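Two complexes are shown next, each including chain A; its partner changes from chain B in the first to chain C in the second.
What follows is the complex of A and B.
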């Protein structure tokens, strides 16, 4: 497989990849370009791959029709909190499962892993009732607490455990001789070494929270509480049909920042996720 | 090692003989896992118990009544003629998604594993939809798939009259599968790529010396060696496919008819649109059983399919 490829083979492979790229890249291009087309051009025939004229007022309308800044902030701060919280909870639990001997460790690990088996959709009805009783419906608490402590963080804990298992025991022995307690060993020795694993946990946790859709539409009911995915679907006309150019403008504003961060840091993203990949 | 630990001079409160190293470690262990364990109990296990309890009740939200009806919701499950269609749609969706996703992921991984200049750029681009906001991605595809949208516009340039993708049963199902696959296939692609790069080169060299053609090398060397990854990604992808909600809600709302109403979407409608919380809970139990059975079955299959385990 690793033999040098013939020039003809190379041309074929490049060509094949370029064709395959179309459905991956074109939608993003179409989203950005259509968002600045005047409404009359949006369904023009033949399709305008590059806008012929520009209408920037769509972007103004994104902010006029909904509290979009507020919604952006909601999504951003929820995702940030969930990411930080998950990193703390899962690195501690992952470390303990990997390196500390305590009674019932295996049983507890199996119980925690049950979270992987139970999609959050299964428990959405009782969770709604629980948060209703607690007076937390139409607040952001369900979107923060459940991912940090509940089923979604189990995968992160699993990844962290798989990482900490590979650490050589001598490091900790040495620290112990120096009189460090468990928490200090964790903080000063294990955690700094776990940066790559933590980075991938951070990436997929952030994306998961940023993309949540079912939970926000179940738990939130007022526009100023909405998160971005939910807000995007609200740009509709009087008949409930989507106002395409405004939806696309809002979608562009939602997608582009993450996309740009990704392109700058693509190596860490891709290799980090491949890493979690489940070696072990 | 145990001897070495006992020789460590205890300090502070540890000087009392009760706080041995082992005991302190146990305490630390429990404290470290406490947030996760309590979270799982409160947000997973208790809700799982509750959802089963709800499923045995008739729950009228408007009249505020909650009456025990035993297995009645489960009888309803069997008699619900819509449910058959829903399960059919779910099965088609999941099967189509897994087959399309895994084969495309493997193809892309093999391509990206070639020695070509600029391959990282291709990897980045193939992966990019993974980081595009899910609903944004779905909205653009919804826009592209309109009757007079971009895809039919392109087809018309070549004189082809495209269907109304999201309003006809077959094309609607194909559309939701395809949109979902292009969104997330990058993840499986990366996992496959990592697995391919882990296959020792010597094996291929040996096969080449023996004169094995490329396809045979792929079948006899590559596939067996990456089979653990194939199993893992197929479990993740199947379980993930059963959770697909946003794409359906944005693209088709389960339609036309019930043709794209997958189980999670049906559950959402019953519980949160029609407020049948009892029946919605019964559907949740059904979803749980399906996920558990599928995961268990695939796990059992690993002995037969997976060639080796690292």
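What follows is the complex of A and C.
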């Protein structure tokens, strides 16, 4: 049984949590409020936590200076395809590593996991050469294919495998007796039960793709193909200096879907992590 | 319904033999219980019959057809698992109709058969619930329902009651037995609980170390166990064993001479094990002396742990015994119920 905390202890704990909250909440608060401040107010001292005047034209300028709607769409559909592709690949690979007995399964899984240890900066040049030969530079294909078959998918495969390992073997045996083959067992029994793990994979993958920065700046060169993180760097004045309020307005718009997704799916996110045995 | 025949069925994992050539014939409609201690191979044998484990040698026939290489789905069997193995994301009705759905049965027929099975098992009001919303006994019933909707040739039960509490186990035992009497489907039931085996089986197969020790009707095994292992395994509390020598005076165990039936004197001078069940002792002033170690009143009977000579044994008496440890009582073994086993190997001698 949990011991009830004394009121003094409660006050102390809540106070501590409020202090710890500051480094997490302040940057977001600063981004959102600064996006509607005139540029001179952003660097005013003492800092203005609440804007004194509001300038909503920054949001209008976000769309005027860049094909922001197109870039938004680029990020959205790429993230959606990457998420879907990764869910398909990682669930099937994770299931195979967890439930199908084949020679050297564990060794192969270890080799696959080694992929996580290779930084993307190391592989980016060979990947560029490869996609250049395939005529895919300045297209979205590298941003879709690299995550689906690269490190993010390896991590997702690991998450899915850890889940499938915990699935009772009797369920599969019951399904075999009921007349299901291997693939149907995966689709009808294992996959529906893996929803929490799939949800966390979806969130991780979506966030990773949405925030991807290195690959877009290497593979894309035309503004209408840019994704959002890359587009944010383009809000600069004639001297190359950042237009802070417009950039922060664009950053707010960029962060919005991620925040919404996380708020809606945070339960699955935490459950998914619990299922994998990973801790945040 | 079908006959099931196992001929010299073997199972090995590499160089390790798990099942050593089992021969077993199960008649159509028979309720057979495979019983034995943990690790004796009974679940492995059942899973080999189900097709969930491959066999290393021999033949398994169901309904006259060799099924060695057939998938479980093609063997026309249904299995109830120890942990029920209900699909957590499906309702009771979907769980029960799932196998029929995958065999191309029409929706109307599935609904009809699920209703029929639910009626038999008293599950009608639970059809829309999910397994997590059911109690242990209800889950057990759903697992049975899932097996019977298909009307298979053989039911296989793998320790289905081991997760239930003692009271519910007795209730479900009765339900499984009456279900079998109603459907008359050939049933193979695995348990390590010899009480379950005795109360449910038409025929018991006692396994030990991957070998069949004895096959027979429950009371045959109780009355005439083929060896010391079966004698000790069947019956609760288990049979008492005293090691000694058969002499002209009786059975000479350490510190005591016990009476023997007339016929046993032919085995004179032989080293043997004297087996007697706790319920085959009677309180008798002319009996042999026994020192009380522990008295456990059970209400309808009294279980007494006592020392016969130097060997500690258990006796179960209809009478109430209210003596303290250390007191001496006189007990008489029922001569008609004495079992003699070879001291080497444990084979039955009388």
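Note that the second predicted complex is superposed on the first by the 261 of 280 C-alpha atoms of A that agree within 3 Å, B and C clash if a C-alpha of one lies under 4 Å from a C-alpha of the other, contacts with A are read in each partner's own complex, and residues count from 1 in each chain.
We adopt the following convention: a residue touches a chain if its C-beta (ideal position, glycine included) is under 8 Å from a C-beta of that chain, and two chains touch if they have at least 3 such contacts.
This structure is a prediction, so every number in the text was calculated from the model and none was measured.
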| item | value |
| --- | --- |
| Which superposed partner A:258 touches (first chain B, second chain C, both, neither) | first |
| Which superposed partner A:183 touches (first chain B, second chain C, both, neither) | first |
| Which of chain B and chain C A:70 touches, first, second, both or neither | neither |
| First (chain B), second (chain C), both or neither touched by A:192 | second |
| Greater chain A contact set [chain C / chain B] | B |
| Touching partner for A:17 - first (chain B), second (chain C), both, neither | first |
| Which of chain B and chain C A:168 touches, first, second, both or neither | second |
| Shared chain A surface residues [contacts with chain B and with chain C] | 173, 176-177, 179 |
| Contact set on chain A toward chain C in their complex | 168, 170-171, 173-180, 184, 189, 192-193 |
| Contact set on chain A toward chain B in their complex | 1-5, 10, 13-14, 16-17, 20-21, 23-25, 27-28, 30-31, 34, 43, 45-47, 88-90, 92-93, 95-97, 100-103, 105, 108, 111-112, 114-115, 117-130, 145-146, 148-151, 153-154, 157, 173, 176-177, 179, 181-183, 186, 207, 210-211, 213-214, 217-218, 228-230, 232-233, 242, 244, 247-248, 251-252, 254-255, 258-259, 262-263, 266-267, 269-270, 273-275, 277-280 |
| Complex contact set, residues of chain C against chain A | 50-52, 71-73, 77-79, 81-83, 85-89, 98-99, 102-103, 146 |
| In the complex, chain B residues that touch chain A | 1, 4-5, 8-9, 11, 22, 24-30, 32-33, 35-40, 42-48, 50-51, 54, 107-108, 111, 113-116, 120, 122-137, 139-144, 146, 148-150, 153-154, 156-157, 178, 182, 186-187, 190-191, 193-194, 201, 204, 208, 214, 217-218, 222, 229, 232, 239, 242-243, 245-246, 249-250, 264, 267-268, 271-272, 277, 280-281, 284-285, 287-288, 291-292, 295, 310 |
